[in-house]
Structures are given as C-alpha cells and as structure tokens.
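Note that chain A is present in both complexes that follow, paired respectively with chain B and with chain C.
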Partner chain A sequence: MNDIKVSARDVQVWYADNHAIKDVSVEIEDKTVTAFIGPSGCGKSTFLRCINRMNDTIDICRVEGDILLDGEDIYDPQVDPVQLRAKVGMVFQKPNPFPKSIYDNVAYGPRIHGLASGRSELDAVVEKSLRRAALWDEVKDRLNASGTGLSGGQQQRLCIARAVATEPEVLLMDEPASALDPIATAQIEELIDELREKFAVVIVTHSMQQAARVSQKTAFFHLGNLVEYGETSQIFTNPVDPRTESYITGRIG
Partner chain B sequence: MPDQHIMRAFDRDLEAIQAKIMKMGGLVEAAIHESAKSLNKRDDELAARVREADKLIDALEEEVNHDAAQVLALRQPIAGDLRTVLSVMKISGNLERVGDYAKNLAKRTAVLVQMPAIEGASGAIKRMAREVERMLKDVLDAYVHQDVALAEDVRARDHEVDQMYNALFREFLTFMMEDPRNITACMHLHFIAKNIERMGDHVTSIAEQVIYLVTGELPNDERAKLDYIAESQEAED
Partner chain C sequence: MTVNSQSPTSSSQGQAGPRKSRSLLAVDAHTKRRNASEARFQFMGKLAVGIGILALVGLLASILANGLSSFRQTYVTVDIFLDPAKLDKDGSGDLAKIAKVTTFGYKPLIKRAMAAAIAEHGIDDQGLKAKKIAALISPQAPATLRNYVLAHPDQIGKTVAFNLLASGRIDGYFKGRVTMDSAKLDRNISPEQLRLADEMHRVGLLETRFNWAFFTAPDASDTRPEAAGLGVAILGSAYMMIVVLLLALPLGVAASIYLEEFSKQNFLTDLIEVNISNLAAVPSIVFGILGLAVFINFAGLPKSAPIVGGLVLTLMTLPTIIIATRAALKAVPPSIREAALGVGASKMQTVFHHVLPLAMPGILTGAIIGLAQALGESAPLLLIGMVAFVREYPAAPPEGFFDPAAALPVQIYNWTTRGDPAFVERASGAIIVLLAFLLTMNIVAIILRRRFERRW
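Coming up: the complex of A and B.
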C-alpha cells in the first residue's frame, strides 16, 4: 500500500442549513488515482473542493472536521490557501484557460509562486509541463498563440499543464473529460495514468466506465454520506453495499 | 437492491438470456431422462430422437453466447450484472456438454441393442442418470431463485454419483472377467457410466456458478474426490 497523502476525519460541510457532507472520513493514498462517484448532489464535488479549500470562497459554506495533507491540517489558520492550492492543484469540468498565450497560461503559476528564476528556467518548466500533459508536440511551434484558440481537448490538457506546472502533490479533477470526445477523453485518461507516478490524483466522474478505467480506489457518495470506499476492482465486480450496486449498475435506488 | 434497471431494455436483454438458459436446461433434463430410458427399454427409435434433439441444445448455446456478447458490448454490465452474464456463458457451456454426453449415451444404446443385455446394468445406469437429472433440476431451481443453500446441496450430492460410478466400475470388471464375450458391451456401458459421472461434474460446476453469481465468490473448498481408481484417470479428466 502507498503512503497516505490526504487524510479526512469526520468532515462535515454545510451550505447554510443544507448539510452537504455528513461525517466523511477517508484516507487518500499517494501515487494512486482515487475516483469519487455518486449521483448528482451527493456531495462528491463538495468534498473534492474541501481538499484545496475552494469552498472558502463561498460565504455560506462551513467546513468542520480535519483534513490533513501529509499530516498537516490544511484548515489551520496559519495555512495560506494560495500556497495550499499550489500543492493541491485542480482541473475543472469545463476547460478554462486564461485569455493569454499558451506559454503564459502554463507560466502563470510558477511566476506568482516564484518557482522559476529567469527566462530559461521558466521555458524549461513550461516545456516540461506541456510534455507531461501530452500537449507539447501539438503546440511547441505556437506557444504565443492564445490558449483559448485550441480545441476543447487541447484546452483541457493545457489546463492540466497549468495545474502541474507548480509541481503539486495532489491533483484534483472535477469531471475533467465530460465535455470531450472519446479521443480527447482517452488522451486525458492516459495522462491521468501517467500523472499517478508523481502525484495523488482524485477524480470526480459521472462515467462509471471512466472511474473503472482510470482509478485504483473508488469512493461512492450518496446523500452526503461516504457509502463505500475500496479497491476499484472490487467495487465494480462485487460491491459490499447494495446502494453502491444499485447505483453503478444503473438501477432505481 | 431494486430489481429493475432505469434502462428497461437492459432488463429485457438479461431476461431473454436467462429464459434461453432455462429452455436449454429443460431440454438437457429431457435428454438425460430419455437417453437413459432408451438404454433401459432397448428402444432404438427413442435413442435416435435424443440424438436429433441435441442439435437444438447446441443451437441454443450459440444463441446464448451471441446474446451475452451483445450485452457485454452494448451495455457494459458491471457488478451483479457482469456476474450474471459471465455465469450464463459458463452455464450454457456446461449444459451443452451434458447434452453431448446424453447424445453419446443414445449412440451407444444403438450399438448395445444389437447385443445380449448385461444383467442389471441398465437399471443401475438408469438410477445414476436419474440422480444426475434431479441434481440438474435442483441446480436450475437454485439458479432461478438464487438459492445458495440448494446449490451447495447439489454440490454435495455429486459425491453419491461418484460412488455409483465406482460401484458400477467394479461390477463391470467382474462381468468381463466372468465371460470375455461381455467385454464389448461392458466397455460401452462403462463409457456410459463414466459419461454420466462427468454430467454430474458439469452440474456441480453449474452449482458453483450459482454460488459465484449470488456471492461474488467461487466456493474454494476442495470437494473430496471419491475415485478409488488409479490417479492416472484423474489426470485425463
């Protein structure tokens, strides 16, 4: 078993009076892809967003319990959320490149975090990140073109390059391939599998097949509860909880 | 867990395959019964009908495999649905083999009716066939009702079939030693007994598939083998 990267204990989340996450405890392993699955509104995205404090930006949202990154409480008042988000990167459902050049999209994080000194070092970071995102060969001759001019699949890989440029330790992905065609989806999935060598990857997906294909661990959420968490191979062949089976096999539940 | 898929067509596909398995099961049960009866009554015509009916069983097996492949490709079943599809593929294979053994019995009947009868042998074979037929009926019930206890019971009963086979084996040896003119008939009867014993093994394998279908795990205890005959024979099975 791999080391525990993120450890959540008794996490509760409220949006005003709405109890969105109920007592969730989970240990996310390093160098592993963990899939969060569950019906819409089950809390999987909310929980994902807790891991890099994206919910801080929502006034009515209240988070209780502990979330530890390498044993350190990420909700400690001493922790700077901006620094945290450099360590815990995020990729969203809809590709959202900055309206800047391809180069500047990737260079943005390393610049603001002071991760590269000088142009040549920054060039190296941009190239390495684009290569990791399997985009380099397609864009190397037009790095100054706008990021928004790329195809949907390329834009999403650009966002992944941007996320990995700050050398994060955890990569959160909220339905990263739901707006992409099968080829672009396969490229993103291949990429996720490669990224696993370096980071812990947590992916929220509505596609059961995608969760089965890319993840080693699967967590099933339902009505704000974590119903079942285990090896993906076991969840998809012989789930323990009948609610998990009902959901993944497409039955009314 | 609710029984119905949100996508009703998926349920219809699975139900259609299960119905074919049950139809196959019924035909195979009849084949065992009729082939043993043809031997017992020395009825050549009945034996010919059994041989003819095997074509239907073979055709159904192909249909089940085709339908299962369709469901795998088009519906991507997982968890219990996946186990259903995997188990119907194996069960149809087992049923088809049992059907072949019944057909082989009917073929040997056609040869045996040309020879003098061996005292008591066809009655013992009929009893053995009846036990396997009952096991098959029960295992199909266990499959339909997802009844693990009944499936376990069927597995245990294979022991009795093995015992009957061993007893017949000894009996045929004595007949052959008594009079070498009995050898041809006894060799045929021995193959028949061995084939019925193998039918029991296939029915046991179906029982194991039922257990896998319901629990997600195959039983892992080794069934005690009751074959006193040289181990070389085990190796060929």
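Coming up: the complex of A and C.
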C-alpha cells in the first residue's frame, strides 16, 4: 500500500444555494491512478477542482471541510493557492495550449516559478517534460511552432507536458481524453500509466472502460455523494452499493 | 391486426384519397409565395444599401467639389526692391529701428514693384491705378515682406524675388468662383483687375500652385481668406489626441481589467457598469459644460488650451475604450485563464502574460475608434473656448498644452460662419483633411486587428 497523498474529510461544496458536494471523505494514494466516475452533474469535477483550489476563481463557490496534502490543510488561510497549484498540476477536458510556441507553453510554468536558471537548464526541463508526455519525438524539430497548430491529441499531450514541467506531486486530469479520437485516447491512457511512477494521478472520466483500464482505485460519485471507493477491480466486478452496480451495468446515469 | 392497422390517420387519409406525390419540377403556390417574399426582402435590403451608398457618394462629391480647390493657391511672383529709404532710414541696420516700420511701410514697395513688373513685361495695365494694381496682391503680403526683412536685415537695399499670395478674389477667379459678371457687382474687384490678372497669368507673373500653406499657416482674418491655413488647428488637434491617448488608454484599460478580471460581481460593480454605459450615451456638449465648470472655472486651467480640450475628450472617450476593452477581454476564452491558473500563475500573471496579449487587437481597435471619435468632436470644444481666433502657434509640448490653440472640427465650424465665399472652400478643404485623418486612423485599426488577430 502506497502513502496517502491527499486526504479529504467531510468536504462540502456549495454553488450559492446548490449543495454540490456532500460529506465527501476520501484518501488518495501516492503513485496511484485514482479514477472518479459517476453520471453528469454528480460533482466529480467539482471535487477534483477543490484539490488545487481552482474553485477559488468562482465567486459563488464555497468549500467547507478539510483537504490535506501531505498532512497540510490546503484551505488554511496561510496557503497561497498559487504555490499549491505548482504542486498540484491540472489537465483540462479541452486541450488548452497557450497561443504561443510549443517551447514557451512548456517553459511557462518553470519560468514563473523560477525552477530553471539560464537557457540551457530551461531547455533541459522542456525536453524532459516533453519526453515524459511522449511528445518529444514528434515536436523536437519545431519547438518554435505554435502550440495551437498541433493535432488535438498532441495538444493534450502538450498540456500534460506543461503540467508536469513544474514538477508537481499530484496531477489532476478532468476528462483528459473526452475530446480525442480513440488512437489519441489510447496514447493518453498509456501516458497516464507511465506518469503513475512519479505522481499521484487523479482522473475524472465518463468512460467506465477507461477507468477500468487506467486506474487502480476508483471512486463512484452520485448526486454529490461519494457512494463507493475502493480497488478498481473490486468496484467493477463486485460493487457493494446497489447504486454503483446500477451505474456500471448501465441502468442509471 | 387488420383493425389495428386501420389507425385514425390512415383512415382519414383513405377518405381523402391516396396522397399523390407531387412533381418536384412544378413549384406549388405556397413555395412561390415564400420565394416571392424572400425576393422582396432581398430587394429592400439592396435598396437600403443603395440609398446609403448614394448618400455617401453625394456627400463626398459635394465636399470634394467644394474643397479640393483649397489645396491649390494662386501666387504672384514679383521682384521687390527692399528700399533702404523706407525700411532703414538712417542706414544703421539696427533691428529695433527696422522693426518700427509697420506693414503699412511695406505697401508702397509692393505697389512700386507691381507697376515695374507690369511695365517690364509690357502688359496693358487696363487703365488701372497703381493702388488697384497692388490690390491684386493679398493684404497678407506686406506682413510676409516684413517678416522676411526682420529675418534677413542684410537683404535691405537689394532686390529679392517674392512669391506673394494673390488676393482671394483673384484666386477665386482662377478657380472659377469669381467671374467677370460677379466682379461687376463686387466692390472688392473689378473686371479690369481680372483682365490684368489674365495678362499676368499669360506672361507667368501669376500662377496657381500646390498650397502647402493650407496645412501649415495659421488662421487669418475675414479679409484675407487666401492666407488662412490649418496649421494651428492641426497642431491643437494633435496635442489633444496626445492628451487623450496618454490619459484615456491607461485609465480605460486599467479600469476594464479591474472590472473584468479582478472585481467581485456585486451591487457596486453593477452600478458602475450601468453608469459607464450611460456615460457613453451622454451628449458630448454636456462634457463641454462639465469641462468649463470643472477644468476652467474650478481648477483654473487656461481657456482654449489643448490640455482642457484633451481632458474633456478623455472623459468622453473613456466609456468607449472601457466598453471595447471589456468586450475584448470577455472574448478571450476562459480555458486560457484556467490553463495559466492551472500551472500556478497568479491572477496578475494570468492577465498580463496571457489574457491581455490576446485582447490587445480588440483594445487597440477600440482605442483608435475612440480617438477618431474624439478627433471629430466639436461641441464640447466650443464651450471651453477652442473656437477662439488663434493666430499664434502653440509651443512644443508640454508647455504647448497650455497655450491657446484651435482644433480641426472647430476650425471648420469657424470658417463656415465667415462671410467671404472663399472660406466655404477652405472649410470644405478642412473637412477633407479631417476625413483623411479619420480614414487613416480607421485603416490603422483594421490593420492592427488583422495583424494581431490570433486563433485558439
């Protein structure tokens, strides 16, 4: 069993009067892929965005309860969300590279966090990140080309490279393959499996097959509640809660 | 089962007979009506566009027809003996004494030179007296002469060739504004003088050339439209645009960035938003009253100064810039902001590294359109005294911001109120200049938008 990386206790989230997350407690392990599954609007993306405080940018959003990263409360008033987000990287549903060169896309994070001093060090970080994202061989000859000129799958891998460039400890992925074709999806899934060696990966997905393929742990959300959390193999073959069973057999959701 | 298959719809169809499929080659009445109404609508659209274009062409044609001639001006070339007996009586060469000779002292020189030139070329003087012959030259000429002498006192006693402005009526004669018939009724000009001008034109003493002075010379009094130029107005307008650009762009962009990216949505920001939209719709003359009350009467800034005009136009332009900037910021997709925040950029880094560069073309376009609006505005400037008759050029900035100056649109208004028809030509010419500036600014806005427009 791996160490606990993120631990959430009794997390509640409100969007104005809408109680979006109810009493969610979960322990996410390091060097593990954890999948959040559930029907649309069940709160899985909302919960994911709590882990790096992206919900802070939404005025009406209110979060209660504790989320601990390595035992430290990330909602403590002393925590600067900017520092937190350097430790907890995020990849979004739609590939969203900056309209800048491939190099600048990857180098942006290290630059603003001062992770590399000098051009050669930065070059090394960019190459390492692109290699990790399995994109290096495809783009090494055109690092100065625009990131928006890549194909959808390449753009998403560029976003992954951008996220890993700041050396995060946790990588959050919000339906990273939902806008991609099956071949690009397979590449991303393979990549996620490799990333597990370095990071704790949390992935939100609509595809149960994908969850089954890439994750070791799975959490099933329904109507803002965390219904069931456990080993992926157990959730998909022998769910405890009847709601989980209904969802994975396709009767609800 | 046979009963079931006889559903209500099929039975009703059965009563009406089997539905026969119609040929696609025959257009039915309903489709015809629809097509006709579509054709009517298209025709009305074309008509509306046509009327618009026609109005524009008519406007441009009338302005060009009236105004293009102001870019040409009639000059008389004449050798003038700078007589020391008149200009430097005691021969001391003392500039202070030379300066005591007023423009009246120069008139005899011109009179004499004109008579000499006519005699030299052997032109029939049409029986005109020397004074009437000298009237072919603009009343501006003695001043031109005097300025030359004061700048070059060593030329006294020599004969110098001068290009002097022909009088407004003579200039009008060569542009078709004045005719022999109108000259008969005119106290200021006689047909004999026109005939003499024709003769002088024939021998090359008098010719029509491109009128640079129109762009550089200051305004002139009612009696000498031929000397009037846009120099002070162009400078004044340029100074005001500098003030507007320096104040409205940073203020507007800063306000929009704060409102759009940082401020929380609450009653106060809603109120501000409504007020900005309202300010954009406030009649510009109201800003003039405000400027008069606040900047001149309360703050004590000088009247007719570009700084006051610039401040008033800044107030007027701010809402335009804010609205354009906020629209440009809104158009940047939120995914870009999320991406930047996601890698740990602070709010300010997100805005300045990613959002602002993407919004830049929109912001610049808005700013230029706001400036163009301000450049063409006259109503608020009337109230702060920029309509005054100003002959002195303002000094170089920043002191020049506080000197009296005119502005292009106000100069146009000013000239259209004068009596001499030559000023109508000048006003139309000034309109062409103003339109050229506005056109240039709009073209720059379009180029900026094309050049920096990026896709994501």
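The definition used in the following text is that the second predicted complex is superposed on the first by the 251 of 253 C-alpha atoms of A that agree within 3 Å, B and C clash if a C-alpha of one lies under 4 Å from a C-alpha of the other, contacts with A are read in each partner's own complex, and residues count from 1 in each chain.
Just so we're on the same page, a residue touches a chain if its C-beta (ideal position, glycine included) is under 8 Å from a C-beta of that chain, and two chains touch if they have at least 3 such contacts.
Computed from a predicted structure; not experimentally measured.
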>> After the superposition on A, what does A:166 contact: first (chain B), second (chain C), both or neither?
In response: second
> Now for A:176: first (chain B), second (chain C), both, or neither, which partner does it touch?
Replying inline: neither
>> A:83 in the overlay: touching chain B, chain C, both, or neither? Say first, second, both or neither.
In response: second
> When the two structures are overlaid on chain A, which partner does A:97 contact: first (chain B), second (chain C), both, or neither?
Replying inline: second
>> In the overlaid three-chain picture, which partner chain does A:59 touch, first (chain B) or second (chain C), both, or neither?
In response: second
>> So in the superposed three-chain picture, is A:246 touching just chain B, just chain C, both, or none of them (first/second/both/neither)?
In response: first
>> For A:209 in the superposed arrangement: first (chain B), second (chain C), both or neither?
In response: first
> Which one hits more chain A residues, chain B or chain C?
Replying inline: C
> Which residues, counting only chain B, touch chain A once they are in their complex?
Replying inline: 1-7, 10, 76-83, 216-217
>> Per the contact definition, I'd like the list of chain A residues that touch chain B in the complex.
In response: 208-209, 212, 236-239, 242, 244-246, 248-253
> Of all residues in chain C, which touch chain A in the complex?
Replying inline: 264-265, 333, 335-346, 349, 353-354, 358, 454-456
> Which chain A residues qualify as touching chain C in the complex?
Replying inline: 52, 54, 57, 59, 82-86, 89-92, 94, 96-99, 108-109, 112-113, 148, 159, 162-163, 165-166
